[in-house]
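Shared between the two complexes below is subunit A, which pairs with subunit B and subunit C, respectively.
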Partner chain A sequence: MKQRISRIKQLRATGLLAMMLICLSPNILNAAENNERNGSKKNNKEVTFVRLSSDQYRNAIHDIFGESILVRGNGSSSGVREAGLMAVGERRLTLSASEVESYELLALDIANQVLHPSRRRTLLQCTPQNEKTLDNECAAQFITTVGLHLFRRPLSKNEIDAYVEIARSATESLGDFFFGLQAALVGMMVSPDFLFRIERSVPNPESPSTRQLDTWSRASRLSFFLWDTTPSPALLEAARSGELMFDEGLNQQIERMMTSPRIEDGLRAFFADMLAFDRFDTLDIDSNLYPRFTKNVEDEAREQTLLTIADQLLNKKADYRDLFDSRQTFLTPALAALYGVPIPIRQELGGKVPWVPYEYPENHARVGLLSQVTFLSLFSHPGASSPTLRGKAVREHLLCQIIPPPPPDVDFSLVRDTDNPNFKTVRDRLTEHRNNPTCSGCHTLMDPIGLALEVFDASGVYRTTENGADIDTSGQWAGQDYTDVNELAALLKDDPTLTSCLVHRAYNYGTARASTPTEVQWLNTTHTQLRNEGVRWRELMQRISRNPDFYTVPESSMAEEQ
Partner chain B sequence: MKNKHRKISRRTLLRGTLNGSAIVLGLPILDSFLNDNGTAFAADGAALPPCFGSWFWGLGLTPDRWEPKTTGRGFVLPEHIASLKPIKEKLNIYSGLQVFLDGKVNQNHMSGAQGQMTGIVTKTSAEYDESFDAIIDKQLGANVRFRSLEVACDGNASSGWSARGSNGKTPYQISPLDLYTRIYGGGFQDPNQTEFIPDPEVMVRRSVLSAVTEQRQQLLKSVSSDDRSRLDEYFTSLRDVEQKLAFELDRPAPLPACSVPSLESEDIGTMVSQVQNTHRQFAQLLAHALACGQTRIFHVTLGNAFSTLRLPGEPSAYHALTHEEPIDTALGYQPKVKQLAEQCMGFFVELVQAMDAIQEGEGTLLDRSVVFAFTDHGEARLHSMKNMPVFTAGSAGGRLKTGIHVAAEGDAATRVGFTLQKAFGVVSNRWGTESNEVTQPFSEVLA
Partner chain C sequence: MNLLNTGTTINLRISAFLLLFGLISGMFSNPLFAADNIETRGYVISMVHTASYADEQTCPSGTNGSRPDVLIRRVMADGYDREEAIRIINSVRINGGRDDAGKIVGTAITIGGGAAPGGIQSWNGLDFNPANIPGALPDPNAFNAEGRFSFGLNLDGEAGLDSWEHPNTGERGIDNQMWRVLGCWDNYHVNKPVNPYNETIAWDTAVDAMPAWLISISGEDLDQDGEVTVTFDRALNIPLRDAYGSIMSGASFALDTNPRSHNVFAGRIKGRVLTIEPGDFYIQGESQFYPHLRFTNTQLRFELKDDGSLEGHIGGYQPWRDYYHYLSVRGETDGMIDLIGIFYDLKRFADAAPDPATGENTAISSAYFIEAVPAFHVDGEGSLLAESVGAGPKFSGPAVSQYSNQQ
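Let's look at the complex of A and B:
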């Protein structure tokens, strides 16, 4: 694992731009100019755009300029979940004034680092003749090269001229050529071409009434889907050559990306979204009531979940379903203390957090993702576990089901009436609650799942009693009885809804939109096939990436004809 | 080789030079901007402009325990809202208001606040329209550094109710330190300083944004109608930042009441004490930002509508308590819920007093402002949309009468927002949609 991480770091440390320093072939610029002259009218229309997430912004900066560039802060500070995913919500959002303000300050800081004397030589292929005046050619070369990566497409001549003009004006005002380049760089980094993924389309030659993403937009979609970052030099080169528009070239690129360690970045981003890691931003488990739940534990729990998923799905090539009954995970000393299991401690004073592979014994209550601190704490109240929140989370995030909001005249007073000797456990109280006919419809769907997890408190610590009474973890899943979380995990694992949800979510994550009826049909067929062959991450990513509809623009998203 | 690198944000190196020439601008004496009566005036001789703020607290109040028994002036504050006494004469209370659903699903803890801020109750929680502060903003046409400042006191940036357009709610700032840095960090020009030096770095930054804004027309031509509004809103945001930089390049008009507040250590969280501390700091920062002419619109939310405020040692948060705490049969109410609601009222008083403590001539900052305090439910336990408690504090520069209890009889709560729009001079015959559309302001409070 260490080797893999260091390879990623190596790639990033050098920065794609520094690695590549490509001299753009005339073809690139010609393509851009052709777009400007002809395509923008009819053939190459911007159809829609998706806001970059904070992580994508950070990844792109590191990939383009090197990992040593510090991204101090976030530009966008919130998002919305739509169709179960924050990624889909990004297509609905724009940027508020305070967010643009943050992005402008971030851009200033990054531009300052990028053009620091210690770095500028690796990024600039030219040396200005006089550092106090504008070197037009050198500025154009810098803007052309950087612009390709920031905008994920070549800049047109007019665009290059516009940014050179910014550099000229700033150089004259501040008397320094590099300040001029910083100004141009800031301009590109606050441009919608960088802060949004602008997706352009062209008519589909096989079906002229429909449109498909153009070559550059394909590269972006593929890269953000598989690697959660901006297209690599190799992918941009494939876009430039036009090979991404054809199956053979597209498949070659997909194959190359699938075998890269960077695929883990894409997997992590997807599961962080699907499993609602945005809730970590406001997670507030009461440390007075749960003293073992510290900020470190919170951060490490998050990493534990992603490490486990990556190890299972990528390293072990396990089936997605195995995540729900696997006993293998990774622990740190702090997590082991919370989980109450012994692990060898190898942490040196001041050293990094040591992650130790760990396997729970058979029939241990810790089984799969649902028994990890991440899931248990994210779907709890600050001071109490919540079978309802946990059950709702399984339904909505893992099974793609929708639980309607509670009726207005809801009365949960029994749920918290712990003084009542008849209602010592939350099961007692919720059972009473479920007897209310207006509540029972939804709570019957949510509570049984959560009640099986009641052996874990709000912080994820294992327990067997609540208010002195034994916790009963039994229930029914789809008509079948279970007695504890182990048996529930086994039933959940076998439920086709679980894998169907993953397949649909992964597709929507990639397109950042809801699926069309044609796509739903394809997804259902794909799901059936995968369920028989094994729901494996790389196979799923590959099938989605190869599906021509993945690059088709649905009619409702198409621009109005001029 | 000598390191010639200069950081573009290092103002000290650049200050005072623009292509080598120094620019130092003197300012007139501050006292000349008070009239004979000592009322604060702006540099151009006009009265200081009105300001607008919204203040949201979730989960309402305990029904039948907060409504004054008499209407108009001279009402007695019921015990439940007795903490409002210090600001009573500068306060209006509105009771008997409701938000109409018109057959739509009650998006619990959302529809009520949405209806009051936007005039529209949507079918789904994913939809949200422009809030009425945007209408007031257009009316003010303010030359300010920040179009508006938005803060959330519970660490949740998504808990606010302000929206610029129909493309999502504005994210709120959660850290007092971040807000302090934003206002008083780089770019702040003390209006009372005697010298003013435009920063050439800021000039460059402004021209960069201006150049990017020029892409607007080209891009707008080619996007779908759905996306056009989002793109337009982005460019409007970009223009706001450009205008912020332009503001920093202008010599500010002197404002005698302007001073830079101090900042205590921050501890963001949902415990009542943490929320109070965060709110208190935000209240000071916002009041001083208004007094320093940095903005004219602000928004405060104590926490999200599913309020996560917590009492020490209490396993259930405020929202959970509204549904889970039994009604005490002897008292006739939910004791902890009532206690938390009263603490929220106390926080409101702190904000209003922070504004009232800033003297501007013979009036105060509060006098030229109005703060609109609203909530999500009339009775949170039942998610009731009836009898919504609403308050306004301040007289918007004499445009609103204060010290009045308005007892409506089931009127749309949007009447308060419409009344405030009228107070700010908005010319419009109606506001809101369906049953929440109103045509009549509360004329009894309009001066």
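Let's look at the complex of A and C:
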């Protein structure tokens, strides 16, 4: 560890990293590179910068350098949600000074591991003549090879020369060729070309007035969309050959990726985004009030939801709608205790968390995603359940509707007064709250959904009373009555807004932007077709990936460039 | 019923697993298990410690004090008066603990049991851990519990001179000679909500590492008075803790199919109190402190609490060496006890199972406090054997001391 810190200090002390960041900033890079980029030549234009998420960063490092490389920390702070997705918000983000420093430290640590004497031979296909001086050819070979994967495109000669120069300077300063390579590697890893998906466009030969993503950008979009990681060597090769610019080659790659087990990574990343798993970062259920909600339960709840979705949509090829009334899930001993159900015990002392498949009996109160700890706790207050937050979440995250923020000067005191003897249940308190006409509009949309879930407290534990009063879970959805969450789930499942939201969100997730009118039309048609045929995950991903508009640059983006 | 395939139902069927146990133990002959309308509730034991009760009559001469008092008594047992014993102990850091005649008195520095390495202590010039050979040291004559009250059970059906009265129920003839041995040691001389400290810490360690101990009660309607069957079993998995450190209610436990730790008792519930017909009891532990717990003539008195938990005492005649084993592993330092004194007192107060050769009693009447919280019991295939009924107490287990008053 001491040696690692020492190297980091040495590298940072050279001042090389700051210089690299300045020299390789997007604007300068833009001017320097536009004329030389492989396959795009002069006509290449940058379209969007989409910051890699923490998971994408981690996945990329592991795919490029191996699973044994430890990614100790996150370079970026939390992102922003836009159009219902963090993925779209990543398009708006730049890097703060502190984030640059975090990425730099992360890169130094990773570079140190990658070029550790025990590992360097696997990546370095050449041996330097002298380890104390720069081997120009060997450095260029390393930079060219690694750069292709980090930047998701070939490096230009100028770029290779620039990084070799960094390696030379560091080698001379520190007297070690591998320190020089580390400096070059860190430089590439703090470059916007790695930290951002920089999508570039070329003219569309079939419609010269429009532009489409170039071959390398297509590879990146496809890979992060389907696998949540950097393009594989096979995909990069397809990009290099130009296959991705044509339907046949593109479809071959889509087919290959769709049948890979790694499609689950993409599915998990999408649903973690759509279902607002970023809220786990700040989740703070009060364990004094909800002692079963331990940190382990929190982690396992998150995994339960993703395991359930992956099993239903990929393994069982179920319809997306089935997620909302399925009785099948996976449980651990701690989750089962919280849910109050018995499970087979597969635990071995000292072993991993034993997940077991579980199916709730008929008429059990828990059904589908809405009754899982993930949804119930993410949309609760630390010390109380919240029908309003839960209802708002269903509207916004599952139905793609927008609930405006509350007006100023609203008196929330009654809603918060959980000990009020006249309003024992939250239903009583919210009913009173809705008497305020400025509140009733939105609360009428949100509260009924959440009130059906009131039989689950903030931690997801089942209950039938609140302050000694029976909990009433009845309500109305789209003019139809329901008495409990089971019936609400059935109504929700039949609502076309639910599936339409999925289709639109999946597309926006892939493009990291709002849809154009043309795309909206295509999405609506696709939704109608899928609703009749079955809203199945692979089919949806395939249709989106094959849609030519998915790779077309919208006019608005072109206007932004100008 | 397999949970993987068909889910659970409230109605419980008796699985082949339980029938196998029934055949082994004679339980099959119990008509309760031939009926369809039997409910079985499961529990996991969340707390175990020797039953403690102390009032002003318990130790009229005072308690046995702490470490200095133990050493003084130990040196006095070597033939010194109190003043010289104190001088010897005070001289340990100066001259190694010598008497007025200049002779080293090893008993002044010995600490017994636990992980204390023999090399750091000596007695008469030899490396020596007195816990290993307690009889080699003289009896320090520690104070023993007296008075009228003690928790426990009437094991012999009589109210002899050496028996106690139950402090809550007033029942006479309570047999708990173990309490005479332990009751005047300070960390045992406590009342709820305080628990015997060293046993609490020992259980706190064991419960997170050792397969759980389970109880089940089967009967037609466990909310009413009636005949029941009570089982004790060992689980294959350990208990879970909640955010308070309490043992989590409603967790699932797989029963160990080894019949060694399977105990079945005919019992009855009357006025929400569970009792059993006497019998032998053995349950295997997996802890340095609790290799096992075993009694003959076992009885129990558990209260069925409104929150679904059980609380009360189990007792019987326990081989006194079992308890000495626990204490010697635990050591004198944490327990603030004198292993030598307790060794002699366990032998002295042992009241059952005379050795055919020597005539010395090998077992001692004892009682243990038990708390058990609701739990599901399943077999290896996931079939439900016992339902978890009730939310359980907010605080349970060894990490807290917020118990309700004992019965």
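The rule is simple: the second predicted complex is superposed on the first by the 511 of 562 C-alpha atoms of A that agree within 3 Å, B and C clash if a C-alpha of one lies under 4 Å from a C-alpha of the other, contacts with A are read in each partner's own complex, and residues count from 1 in each chain.
Note that a contact is a pair of C-beta atoms (placed from the backbone, for glycine too) under 8 Å apart; a residue touches a chain by one contact, two chains touch by 3 or more.
Everything quoted here is computed from the prediction, not taken from an experiment.
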{"item": "Superposed partners subunit B and subunit C on subunit A - clash or fit", "value": "fit"}
{"item": "First (subunit B), second (subunit C), both or neither touched by A:E104", "value": "first"}
{"item": "Partner chain in contact with A:P548 - subunit B first, subunit C second, else both or neither", "value": "neither"}
{"item": "Subunit B versus subunit C as contact partner of A:I343, first or second or both or neither", "value": "second"}
{"item": "First, second, both or neither for A:E359, with subunit B first and subunit C second", "value": "second"}
{"item": "Which superposed partner A:A334 touches (first subunit B, second subunit C, both, neither)", "value": "second"}
{"item": "First, second, both or neither for A:G441, with subunit B first and subunit C second", "value": "neither"}
{"item": "Residue contacts with subunit A in the superposition, subunit B compared against subunit C", "value": "B"}
{"item": "Which of subunit B and subunit C A:F293 touches, first, second, both or neither", "value": "second"}
{"item": "Per-pair minimum CA distance [subunit C against subunit B, superposed on A] in Å", "value": "14"}
{"item": "Common interface positions of subunit A, toward subunit B and toward subunit C", "value": "288"}
{"item": "Residues of subunit A that touch subunit C when the two form their complex", "value": "287-288, 290-294, 327, 333-334, 336-338, 340-345, 347, 349, 356-362, 364"}
{"item": "Residue ranges of subunit B in contact with subunit A within the complex", "value": "3-9, 14, 18-20, 105-108, 126, 146-148, 150, 154-158, 164-165, 167-168, 170-171, 173, 182, 200-201, 203-205, 207-209, 211-212, 214-215, 219, 221-227, 230-231, 233-238, 240-241, 244, 269-270, 308, 310, 312-317, 320-321, 323-327, 381-384"}
{"item": "In the complex with subunit B, residue positions of subunit A that touch it", "value": "40, 45-49, 76-78, 80, 82, 92-101, 104, 108-109, 111-112, 116-117, 131, 162, 165-166, 169-170, 172-176, 178-179, 182-184, 186-187, 190-192, 195-196, 198, 281-282, 284, 286, 288-289, 381-384, 404-406, 408-413, 415-417, 557-560, 562"}
{"item": "Footprint of subunit A on subunit C - complex, ascending", "value": "3-9, 209, 236-238, 240-244, 246, 248-254, 376, 378, 380-382, 384, 387-388, 394"}
